[in-house]
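Order of writing sets the chain letters: A, B, C and D. Residues in each chain are counted from 1.
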């Protein structure tokens, strides 16, 4: 059976990445591509790397007959996304890649995003899309909220450790290094090649990055108490990849064992042998996560490092993985692409 | 039916690229990986991006039982390759990725490579592996010689034009821009990141690049007379991609029509609309070739530009395409990966 | 004696590069920095790399008292530049970095730039700013027009050859590779890091790049007949640098000797030993030009390659060199910075 | 008066960087360039970006008449350096750029570097070359030990804070991002462009990086007790630059005030306004350090970020600054180069 798929927001990087992945999926067919600002254009004029595919032209939202659609990916900017999803047919399966449905509490949402939520009832039913930890809920969901790419990376390190209580909760430092495609295809001076290549810098320093909302929500829920971590992202001159370096207190071997057990049966999560460290080079273009654990020379301190591709596992790959679950497909279908190195 | 595959020279970039592609092939199984200098190691220690695959360990050549192998890829440096292939079982299907069997004439080989050929009888039977132009020969071949990556790019532009006689043969200029992975995983000062990134230069200037041997052989054969082109490669700070800019005399529209017709039924060769130009960004990690044709302001002069990924279509992808033909598989199997952009 | 300098258009890359160079000039003082859209801001907020310098704040054009200014650099976009310069005090020494005063013939200007020239009388008096070839005119000039960065690179190769008549004039091919800062600090999708890094492409193919107006004007003047070359630029993922590969007919040794003689006493133009080729790496951040000459294997064909830094020798360095001449300073003052490698 | 300078180890990056800087120094003359493995070659064949300079040819150590030398820079690999310096004339002023004389205690040296020190008496007299903190000792010194580039970056953040006692000493985390030129011009697979560009990874994780020896020595001395920090370096695909992110406990405003006061009269150390963060882009090719301080959302936690160019301020620039002091020159001479952006 072939599922008919719509992608709303098809002219951005996550939209293009969804198409790249779905092109290799045996049971999905792209039936509609929505990009209001570029409606009427063909996909190859917007993304020439897709020119060999037979894709429908870009259309406006109102042109889509959603009764013919089995599942809809929504790859719009946050705030726009909630307004669009609010008006979609109620039974339609939706995987949202924006930030709009990640936070459970409308007040917390407003705190981090600065505006009241425009679709509170849909927010209430949305399932948080970190596949490995919400698998059953996702299978049953109508609306799944894709996680932040930084938020996913940090949680792959910290969730099992927080849940099992094997690390201190009051001194977690998460230093993150993020590639530029995470910022999307937006025209900002700081994203120009000439401004970015050959140098790097921190941004959103001091606990102001919005993905902290997700960390707070999820870690506090797991710990049964308030957890607040320190999190500083850095912009690195590369196109794909996130590397998170977590500094935690706890027994390094216990940390390692906890992670190894947690991911023993997870195909996409690879825990390296103790003492080895991962590189973003080795997950590029793929849905894999590599995690490494090292003991520090200081007793009872461990360093845990995770890498993933922000556009794949951090966003569109995760979205497809969730869509597979929602549609009754094998979870990994279309997602076993080998990383592209060098 | 599953074909058992061996890769000799599995610790280089083209070896790794073969594994990346074969991992998605439904009817191939990697049965042996040979890398004499790294024998005994696991593949994930050599290429950590392959760690999630179940691969055999690296072994020496003598450890392989070739009677169990259906087809062997040979991804060794030139000169070593001919010595190894000389000693392989005679009936074994072999796709060689080195330069050793590309040139038909042993004297021409010696001229460009500086040593007498060590396997002249095998050289005599080898088929030149430019799939779209030697398809029938490849199907029947035991030994297929993969083309040079630059040589492939130039020929995709020039073969139909030379064969159809629509361009002048005495003033062809081919200016090429090559990414660094074409140089392989070799330890040379000029390939260090600090030496290469943020700058670029020509190399092998003046008609001394060895791929000219292939151009001379193939274009002269097509034209029925000696053809000598000018060819200058440049090293560009990027990992994958070749862009060839050809300056030719001839009617631009005729040039365009000739290319369009030549590739009308070729799935992997995409001729862009007249006046559009391709980018290496849009073929990265894929088996596609994009070709663009522009008229110059000077009458009867055309500029034709082609791009491909040197590791895929320029090397390992071509090799797999040929292997499919040799094994009776559909030619495109395992090769429809969408380019990875951004 | 200290010359008081104004820079109009100080918030772009060429403006910043002028400040970088002038900061090391013993006899110049930056008295005014104009950037209408960012007036009121400090220079360190626009260019943090200049933060340690004591610079005047950005102001609007009307705030500058030009009677206190000895020389004014105009680093505005073309078309804007002519309107601003038209209204500057007549006797004021001006070095313009835009395209507005490079072409002598108003009709030719309109052909390439699409609009009638708004300051035809100033256009008439402007001197073409290719220092090594217009030195005496520049010394006496009030208004000097900086050359295009591509135009400069091509002329350093071809002017002596055309003037001395040692190459054919009807088959010159100039294939150019340009770094991204040449496009300025403008917000275009194609200039984003994620679109540009790790790939490359041709642009303005077919004889439509505006710098051809300069080539036509200058080469025809030198040859005493119409000269039309083929010129194709390519965008390379690097921030600084231009590399031009010229394919010419003529005796390679004569070509080499002609260039060697032409530049024998030019401090900034370095002709490499015959057969060696230059790299953009080795001129980065400097005012030097490196030129290499190679014989092709085809008789009577030579390949000449030149490199320079588009922001320095191709633009702001050239402008300062010209300003030195106009102000009676030694030409090289402030310009002997050693290239920054790696 | 012109000081005659020798550089031992002139064929590496720090050697070339010394030449770049000294070329702009009015009172220094390069009298000898030593590179045993490349003796007999000219400097432009080793570093073509220096071709316009009049430099002596590369010679072996034994060819240098040190009685004619006023000061000698030693830019050799560690271990080799101590053996060479041991045998230099005793009164000769030496600035060593290696790791060999940074640690005071021979046993600590042996712990971190794995071999007994070969010049213990010279080690005893060496002065630690962090200019801003050892200025008077350096003026009087015969042998100055250049600091590690990472060690310098971390100390610019932490020294004033440790000395003034305004931060906790038991929970300091220093997460560092290092450009590739810090690894030198050495032929290692991991330093190839194809392995490094477009990705990044941590290395020497767990408190095993040798620069920890310097941190331990210096911070413990300042604090009057043992101080052990956590330090994890990461390799970033850029050629120049170090960015250190320090996570400390303490009042952020006090931290800011302490740093501002400490560096109030230091020309090369720029503390940004509270809440702003620096970028390696803005110090490239220069001797400047930019430092930013941010309060975290968690009370009493601050994040301090410093950037510098590892080849300039982190190595050769620091060396020249120290040489100026040792020779009675103004400390900043030759070092006021403006950063090269973009």
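Convention: a residue touches a chain if its C-beta (ideal position, glycine included) is under 8 Å from a C-beta of that chain, and two chains touch if they have at least 3 such contacts.
For clarity, every value in this text was computed on a predicted model and none was experimentally measured.
**Q** Could you tell me which chains are in contact with chain A and with chain B alike?
**A** Where chain A and chain B share a partner, that partner set is C, D.
**Q** Out of A-C and B-C, which chain pair has the most contact pairs?
**A** Between A-C and B-C, the larger count of C-beta pairs in contact belongs to B-C.
**Q** Compute the distance, rounded to whole Å, between the mean C-alpha positions of chain A and chain C.
**A** Each chain reduced to its C-alpha mean, chain A and chain C end up 45 Å apart.
**Q** Using Cα averages as centroids, what's the distance between chain B and chain C in whole Å?
**A** About 39 Å separates the centre of chain B from that of chain C.
**Q** Spell out, as numbers or ranges, the residues of chain B touching 2 or more other chains.
**A** 13, 181, 194-195, 197-198, 237-240, 278-279, 281-282, 284, 342
**Q** Which residues of chain D touch chain A once you look at their complex with the stated criterion?
**A** Those residues of chain D that touch chain A are 171, 173, 175, 177, 194-195, 197-203, 205-208, 212, 228, 230, 232, 234, 236-241, 243, 245, 247, 275, 277-282, 284, 292, 294-298, 301, 303, 305, 307, 342.
**Q** Give every residue of chain C touching chain A within the complex, in rising order.
**A** Residue positions touching the partner: 13, 180-181, 185, 187-189, 191-198, 237-239.
**Q** In their complex, what parts of chain C are in touch with chain D?
**A** Answer in residue numbers: 13, 16, 19-20, 23-24, 47-53, 181, 197-198, 239-240, 267, 270, 272, 278-279, 281-286, 288, 290, 311, 336-342.
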